[in-house]
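Here the structure is laid out as structure tokens; the discussion comes afterwards.
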Amino acid sequence: MSLKLVPALILMAAPAMAQEGSIIVQSTTSTANSGLYDYLLPMFEEQTGIDVNVVAVGTGQAIQNARNCDGDVLLVHAKPAEEAFVADGFGTERTDLMYNDFIIVGPADDPAGVAGMTDAQDAMTQIAEENAMFASRGDDSGTHKKELALWSDTGVDPAAASGQWYRETGSGMGATLNAGIGMGAYVMTDRATWISFGNKQDYEIAVEDDEDLFNQYGVIPVSSEACPSVNADAAQTFTDWLLSAEGQEAIGAYQVDGQQLFFPNATDSNAPDDNG
Amino acid sequence: MQDLAESLSLAIALVLSGDADLIEIVALSLRVSLSATMLACVLGLPLGALVAIGRFPGRGAVLVAMNALMGLPPVVVGLLVYLHLSRSGPLGFLGLLYTPTAMIIAQTILITPIVAALARQALEDLHSEYAEQFRSLCLTRMQTVGALLWDGRFTLLTVGLAGFGRAVAEVGAVIIVGGNIDHLTRVMTTAIALETSKGELALALALGIVLLALSFAVNAGVQGLRVSAAARGAHV
Amino acid sequence: MSDLTMDMAGISDAPRPLLPLSVTGLRLSLGGDAVLDGIDLRLTAGGCTVVMGPNGAGKSLLLKALHGLLTPDAGEVSWNGTRAPAATARQALVFQTPVLLRRSAAQNLDFVLRARGGDRGRVVELLDHVGLADKARTPARRLSGGERQRLALARALATDPEVLLLDEPTASLDPASTLAIERIVAEARDRGMRILFVTHDTGQARRMADDVVFLHRGRVAEHAPADRFFPTPSSQPARDFLAGRIVV
């Protein structure tokens, strides 16, 4: 470790100056982990020369980071929290971007006997009654909020069984799937993450096709009034592109294993609106 | 076990293919962690030496603090650095969050106590040998520190390696302040965390094997330096 | 200690000479046992004083107390009015086992010359003076015992001390090395440097001493010119010691 290296390394450590055309997207993990950005961003960057840097964290943390002005665009899936973000002046405007749905996956031997059910609340009630294991995100993410809303419909209080059949991992979707699969638990996940997930083992989709499992993603440029440091022009350009016919088409065209992961609905005013 | 074999062959294939993304990630890991190690040495070695030779009130408390800080949880360091570098934080105007510089800062904070505490221990032993002679020569504190650092340099290499090992292996701090942004702040450990969360366990393990190999290479390089120096008798 | 380095200097800068040395009622105990038990001593300028005595008499401790490395429990060491710790920089001490830096012989000297503001060009001259010119690049810790002690002596001389203190410098050396050391020390004395030389080797004491301080049980048993001490020691411990009897 020659001392002659020191100046060189410190030079190398010089801040990577934010380029004029670069933005940070505070994003939920499912869109990043599913590979959607790897597919979309090269097209956008090619056209505009704007570099898009994605920070993929849980929805709760993404919103908090954006409130700290540490992002230019917010792309998450928790509509009430997103609307609060705009109402508090941190975002210019929230727009529906795309949707997919949540599913409940479980082991092939299906200990709670819920495979094939299409009513999420019934299935979850049955899981609770059978004391079958259920792994929850437990991290205040969009998926976690959705799951809690469904539990509250059932009248079951899973928190009472926390640490018994109800296991809160306090982790991201992928980590929760890994943990759930490791302990043979049912897990509620968004379909995009599941399709592109690489460690499925003997797990299969147990519950799907319930309207209540609808999962809406929204996009919000961070307000330059609340956060003067944001690259507002580039953020708006990116948002507009996602919402444009071309961006929407690209989202719809993205597939993993021959399956479409996200359904664009920026202009679809008939989209079901029940993801409380 | 099947996973392990698969990961090993995947790791070898990755390295042999010279995958551009992998090279970028490895290079950033080295750049961030070596820079942090250098800075931690610049700060921590003189600090350790000063405490090693010092006889001052509260020295015991300083020793306890230094040793305790060796156990700083990376995620706590990450959070503290995030809160300072965030646009809404006191240093937000620097625009450093989500840059390699932020990662270097976090890792420097993480490992400086390790470097200082281990240096203190090593140099205290050396100083007990030199102290009487140095007092006879009426050396100043700075001259004493300088002589100890230079004469202890080969032991301190190991201290630096311990710091580097901790830096290059941690994920908690860099993922918070770096954001694991592809082509910008993704390093080996955050890439491993990402692949794990995607359920790509074999690929994650393969990256882990590459990281381990990297650590071996750095340690072997330093060991080579020591051996050749020992052959010249420089630190007999 | 740092403030001392500024006035380390040489004889020319010294406001007044360090000699005579006056030691009165010096007491020092380690671990409860008194090892210096009331030393009274007066040394005048010039020459080589040999400090003798059986093991445990307190010879090394006396030397370190005079040099200012040990703080006495009682009594006073006054170098012509300057208290011991304030005079350290104007003296050099050669230890029985030299502590050398982990670098080459030349770099060991260069380090001291640089630290003490000396002329760094003297490295070659100093090495030559102690017969180590061909070992300049050898790591100090690869030198033989005799070579190491000569390097330590060169380092001591590099600081231009007014007083040179030596603590059994040849105790574990071969005869040739011992002779070399003695010659260099004698030459320094002849140039006017004040020498204090601790030894328990009677032959060496006879060769080196102008006067002898004989310590016994932490006290000065006898202080006499060499030409009187060796033929007619006046104290019983010194007579026993010179006669080869065990002195307790």
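Chains here go by letter, A, B and C, matching the order in which they are written, and residues are numbered from 1 within each.
Keep in mind that, in the parts below, contacts are C-beta pairs under 8 Å (C-beta built on N, C-alpha and C of every residue); 3 or more make two chains touch, one makes a residue touch a chain.
According to UniProt, the chain labels map to these proteins: A = Tungstate-binding protein TupA; B = Tungstate uptake system permease protein TupB; C = Tungstate uptake system ATP-binding protein TupC.
Because the structure is predicted, anything quoted here is derived from the model rather than measured.
Peer 1: Expressed in steps between touching chains, what is the minimal separation of chain A and chain C?
Peer 2: Counted as steps through touching chains, the separation is 2.
Peer 1: Please indicate the chain closest to the centre of the assembly, with centres calculated from CA atoms only.
Peer 2: Here the chain at the core of the arrangement is B.
Peer 1: Could you please state the distance in Å, as a whole number, between where the Cα atoms of chain A are centred and where those of chain C are centred?
Peer 2: Those two chain centres are 79 Å apart.
Peer 1: Report the inter-chain centroid distance for chain A and chain B in whole angstrom, where each centroid is the mean of the CA atoms.
Peer 2: One centre to the other, that is 33 Å.
Peer 1: Determine the centre-to-centre distance between chain B and chain C, using the mean Cα coordinates as centres, and give it in whole Å.
Peer 2: Measuring from centre to centre gives 46 Å for this pair.
Peer 1: Contact residues on chain B for chain A in the complex?
Peer 2: Against chain A, chain B makes touches at 31-32, 34-35, 37-39, 42, 86-89, 92-101, 104, 157, 160, 179-182, 184, 194, 196-203, 222, 225.
Peer 1: Using the touch definition from the top, list the residues of chain C that touch chain B in their complex.
Peer 2: Counting only chain C, the residues touching chain B are 1-2, 4-5, 8, 67, 69, 88-89, 92-93, 95, 99, 101-103, 111-112, 115-116, 138-139, 141-142, 159.
Peer 1: Give the list of chain A residues in touch with chain B in this complex.
Peer 2: 1, 5-6, 9-10, 12-18, 24, 29, 33, 37-38, 53-56, 65, 67-70, 172-175, 177-178, 196-200, 227, 229
Peer 1: List the residues on chain B that touch chain C in their complex, please.
Peer 2: Per the touch definition, chain B meets chain C at residues 129-130, 132-133, 135-143, 147, 150-151, 232-236.
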